[in-house]
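In the two complexes that follow, chain A is the common piece, with chain B as its partner first and chain C second.
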Partner chain A sequence: MNPRPPAIRTKAETALADSFAHASASLPGGDAVRGLRTRAFDVFHERGLPNRRVEAWHYTDLRNFMREAYPIASGASVAPASGLRVIIHDGVCTLPSCALPVGLKLTAMRDALAGASDDLIHALFPDQGADDAMVAFNAAMARDGVLIEVAPGAQIDATIELSFTSSGDAPHGDISRSLVLVGEGARASIVESHAAPVKVQRNSALIFSIKAEASLSHVFETCADSPELHVSTLIAEVGQDASFSSLAFVSAGEVLRRQAFVRGSGERAKIALRGVSLLKGKQHADTTLVVEHAVPHGESRELFKTILDGEASGVFQGKVVVKPHAQKTDGGMKSQAILLSDDASMYNKPELEIFADDVVCGHGATVGQLDEDQIFYLMARGIPRVQAEGMIIEGFAREVLEFVEDETIRERLGAELSGWLARRAS
Partner chain B sequence: MLTITDLHANIDGKEILKGLSLTVKPGEVAAIMGPNGSGKSTLSYVVAGRDGYEVTEGSIVLNGEDILAMDAHERAAKGIFLAFQYPLEIPGVTTMTFLKAAMNAQRKQRGEEELTTPDFIKRVRAAADKLGVSQEMLRRALNVGFSGGEKKRMEVLQMVLLEPKIAILDETDSGLDIDALRIVAEGVNALRSPDRSFLVITHYQRLLDYIVPDSVHVLSAGRIVKSGDKELAHELEKNGYRDYVADAA
Partner chain C sequence: MAAVQETVDKVRSVEVDAYKYGFVTDIESDMAPKGLNEDIVRFISAKKDEPEWMTQWRLDAYKRWLTMQEPVWARVNYPKIDFQDLYYYAAPKRSPGPKSLDEVDPELLRTYEKLGIPLREREILAGVEGAAERRVAVDAVFDSVSVATTFKAELAKAGVIFCPISEALQTHPELVRKYLGTVVPVTDNYYATLNSAVFSDGSFVYVPPGVRCPMELSTYFRINEKNTGQFERTLIIADKGSYVSYLEGCTAPKRDENQLHAAVVELVALEDAEIKYSTVQNWYPGDSEGRGGIYNFVTKRGDCRGDRSKISWTQVETGSAITWKYPSCILRGDESRGEFYSIAISNGHQQVDSGTKMLHLGKNTSSRIISKGIAAGRSDNTYRGQVFAHRKAKGARNFTNCDSLLIGDTCGAHTVPYIESRNASAVFEHEATTSKISDDQLFYCMQRGLSGEEATALIVNGFVRDVLQQLPMEFAVEAQKLIAVSLEGSVG
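Up next, the complex of A and B:
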């Protein structure tokens, strides 16, 4: 009935397909990895760039946003950082030169892939999100990234920084795939930041495997000069009594798609996904989540706040799936947006797919303007309108930032928030 | 202190205040009583300078200065304080942050030095203790999750800290039990002084047993229809607003 449309048809799609054809023979990894890459490329080849006919990408049409695919950087290592910072420059990993905390092991993914065990390969190429065209393209093409291993029981107090940067020459694309393995009962925190001095199309994937009773907290933040186009994929599997929390702070970049595929695979797994997006001009930011509870007693919390000015557009699509056996799941999802301008827009689409009968799951989504009653209340105390608006917006966003455990990061994000508001007011 | 003359005000094209005149002298406590919907809150909003109201006729003069062209924050800095009938919740903004922003915003407009943090904290502590506002409440987001009584006490705390020239209390008694009412009234009475005036808006006479007014005015259908001394409040308590509602119709 439905004739399958020719998948690869745009100039950008052709360029991406060509880049795989050129690169595939030289990509790291043995036969097993090569096989996975070929299959992943087939997925991409069959689907092409995500477009509005793909439900999960309806509001972020990459065929449209990516008229041209920039050449993918070949990349080279850079000078190592002295602190606990891994640099992914043009998609290539440079490990830090400092001594690492006990229980932490870092390996460039290109090295880990040479002679990778089946377990590692399995963890690096999970089934979650695998049929998404951009995740598939990432799997096919990623040359490098970092492998972060936290030994069972290790408590890593220092935050591990993942700093994504790129060279400043010509527009280019970069691709990386990183894996974080957190052993039983271990604890660690990771912050990833994304800079790009020139026009960059970035496709980065970060995959987490969190074993029983382990805990991992993750922060994603944009930098002043963020990529022009960024598809950021987060995949996580959370074990029994383990906890995973991820918080995104987005204030820069032109087109950003953040997609998270998170699965609670052990009983009493705790998942928390949160975010603040401050968008203005023509910025477009899309947060798409698939949270899956596969076993009983799981808990998930999602809280996303978006502030939109100018002609910015925001998307929140959150799907919570509760599998038939996942009784006693406790899920709560909330997306709230404030529109500061008539030309800004927000699409909110929370969804629940519940196949178990004994669960507590709720969701709420709101889009609105600043509340005039609140503004008047502050003005009646002597606070000028612009400052009153700033306080209300700041309070709105701070409700999310309060969840950042690392005080240094919390304060930095708070300062960025204040700075964004100050620039708006001036 | 405050002179309102022949005030007409519309909201959404509907005239709510229809020729209201009222004078409050320095040090005077004037009570405004009236049935629901008579325009009491509207009067408080128009005096405080809320956007969205259109004043079509009349004037509001504070200490010789016409304030109608001023924004709400400017009027606040000039000494007008409105204790809200329904105080707003401001999520994510702690009460302390808000208090400091408000006090300093007013000082800045008046060309005064900003408060130092120790001075600010000292003032808040002293006022909070008197009103039974806990430190824990001050650390929470403004009014978020506060009970009705806590919100009203927070309004009085703000009034104490901002030291207004004229304070308008819009049904500050509603939703208060007798103990909370007494605390609030004590807070107000402690601020009474020859150069500070109050406009106490209430639906019931009860509050006026604690805050004894110098004058009582009946507001009905957007106008002051009768003025008198505190005996008028007792009369209203006995007979209700029937006579005045009928008058206005």
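Up next, the complex of A and C:
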């Protein structure tokens, strides 16, 4: 949708292009990977930083948000974590030292790339989202990440944690690309958390390949000190009778763009994407989804709730694509937002793109403020206004959190929600 | 149920791929040379004997247009238009002088008879259940020129001005100058700018304060000449406390080449005024192979300028090879209201990208969008709409409902809504569904003796009922027939 290249390159665009020129020779991977990186960089270079004129980035103008590109950290490994936790520090992977559950294999992406098979390269650089300038830049520049392989039939009960952190020195950028391969009939769950003690511009990509009858659940959460600017990309391919569910809990970070490209490529694939965003101050959070049903009998559910206070702005763009012949697709998408302040803004763009006739697809989007009647009801029972508002918001947001299967995580997110509301009330 | 029976009969009687308005009228016409340049713009302006400011206005628009690029964001595909390969002015030949029906070429009158336009005065349509006589004043635009306007005297008695815009430029230049281009600025978009430079005629309506226009006003547009572009411009002003209902109908002959239609419609509603604008668009959609048809690139916008004003758009879109049309409301006045009711039907190789914009600027403004898209054959049908609340638009309300119905597995239905809220007290609701006619519904109807096609027409009529009810009675009947004809050949 952006046929015209940017007329003038911004300072940040030039800096990013230079960083590729400097780094390209030293990036891991053989000739095939090098070729892919060059092509991906060309895509980025042709398009430049996404801006208002790029339809998919209309509400998140990166040219404006990224006036300056911080130098990209070269990074080094850190001490391994205890427990089943992979640390991606400044874009560099450190594997846990503990014994891994049977059927689970973890490899640092830099090592995996060294002797990568064609299949692995193909899985790591999928065509989904490849047109997007930031995904392309990630493909060109990612030095490391983690490769998580779940063997066919393996049932991994423990949650695999992916902890993204960064060093506490000067402002910098970090880039990583990780791949999760879930074999046939296997089951696993992953939690991704993002911290950054200093000003960080992060570009992280997580790619899932979920084979037939497998199941994967994924949770994305921000930490108190989240990156200043974060472009987080999720790409997933869901096989026959497989299920993929992803839930995002966003309460920190200045500018966050989460984009998900999910494709149901096997019959009866089940996709569920959900999220809660709690935004205040000048925070900006963008959720952009492209859910594609390529074969019959697919099912997808999206539910996103956004609560906005202060001068925060929220974006929800969801596109459900039903390809020709993907008959009997059942798609439902809902985005609901509550504006607590007159200076907050919410932009909703739920899209349907349907090429098959025997489908049931719908979407709903609502924007509004808290219901005065409900507040009155609670206040009439002696509850102060702020608390009454908190109770209503909590009820509104918890509807999404109920979908988290892991009780520990559900309670943790619930506590974060309560904490956010308590801080608002004080 | 009588109307439904009529629809069913209609479906039976029409051959596949039949476009009933596909005749060409052989009329000598006066055409400007092909192509577009400053001289053509001056030529059109001179033909109309326009004041100097108007010529300058057109030239400014033309200069601006040269710097603009064709928009590419809509979900439509068509070969690039060669703007130099079009005629920008074609008028049925006739001697200058006072206009009366007697002077109109009889061939032209026969055309209108074929179109079924109640051009002759006193053509009376019976109202519902013995209601009072309903009469419609008609302004007919043939290629680029308005040829006849009826009921002028009676309208003048009420103080309503209803005439071709070229005439209004002579008789009421102050009104035209005050309002023209204030809703759709010259610089608005590629096609609106082109229209500003070369528009040749259209309707002008002014309803004075407190007047309820005594009859429906109507315009019929027809493209006749080969390779002509039709660029009409409509300007409707409803002064304080007035009311007007306006109908628009469009047809064109069958041609192998594509023809361009780029109109601009501007509505201005002052305090407490109400404008109801209905369209039944039935331009030639091209043949079953996708050859020919009209490119319909129209800019329609209403400005609820005064407090408590109301603008309502109703459209039934069945024709055109490509439709690119977004009738919008700028809700500027406090407590103003905008409505948009649409049925868009696409069959064959038609491409529709249509919707609306509701821009809430004033306090306690409200809007309602009901859009029904029906795609059949190999067509693509997109709803694209925007609802926006400004920071100051306290208490803005919107309800949007977009439903799509797919008939056959080679068509596409798409929904692209933009919902932008910039203040907490705005409440927006949006819902959209896409489905096909369920087998259960079809089975139920067919069990009672209807054929598959009849059953489909019946169900579709039920699907679009919400919108049909918004149309003036005589249009509703026509629209219902059109729907049946448009879906012809889509089942089985």
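Rule of thumb we're sticking to: the second predicted complex is superposed on the first by the 418 of 426 C-alpha atoms of A that agree within 3 Å, B and C clash if a C-alpha of one lies under 4 Å from a C-alpha of the other, contacts with A are read in each partner's own complex, and residues count from 1 in each chain.
Just so it is clear, a residue touches a chain if its C-beta (ideal position, glycine included) is under 8 Å from a C-beta of that chain, and two chains touch if they have at least 3 such contacts.
Just so it is clear, the structure is predicted and the values come from calculations on it, not from any experiment.
Peer 1: Based on the superposed arrangement, let me know which partner A:R381 touches: chain B (first), chain C (second), both, or neither?
Peer 2: In the superposition, A:R381 contacts chain B only.
Peer 1: Thinking of the overlay built on chain A, is A:A337 touched by chain B (first), by chain C (second), by both, or by neither?
Peer 2: After superposition on chain A, A:A337 lies in contact with chain C alone.
Peer 1: Is A:T366 touching anything from chain B or chain C once the two structures are fitted on A? First, second, both or neither.
Peer 2: After superposing on A, A:T366 lies in contact with chain C but is clear of chain B.
Peer 1: One more residue to check, A:G35. First (chain B), second (chain C), both or neither?
Peer 2: After superposing on A, A:G35 lies clear of both chain B and chain C.
Peer 1: Quick one: classify A:E394 as touching chain B (first), chain C (second), both or neither.
Peer 2: A:E394 sits against chain B, while chain C stays out of touch.
Peer 1: Is A:G153 contacted by the first partner chain B, the second partner chain C, both or neither?
Peer 2: neither
Peer 1: Which chain makes contact with more of the residues of chain A, chain B or else chain C?
Peer 2: If we count touched residues of chain A for both partners, the winner is C.
Peer 1: Would you check which partner chain A:P71 touches, where first means chain B only, second means chain C only, and both and neither mean what they say?
Peer 2: neither
Peer 1: So which bits of chain A does chain B touch that chain C touches too?
Peer 2: none
Peer 1: Which chain C residues qualify as touching chain A in the complex?
Peer 2: 72-73, 391, 404, 406-436
Peer 1: In the complex, go through chain A and note every residue touching chain B.
Peer 2: 371-374, 376-385, 387-388, 391-392, 394-399, 402
Peer 1: Considering the complex alone, what residue numbers of chain A touch chain C?
Peer 2: For chain A paired with chain C, touching residues are 1, 3, 55, 324-325, 327, 337, 339-369.
Peer 1: State the interface residues of chain B toward chain A in the complex, per the touch definition above.
Peer 2: Interface residues on the chain B side: 45, 48-52, 71-73, 76-77, 81-82, 84, 87-88, 90-93, 97-98, 101-103, 105-106, 109, 141, 158, 162.
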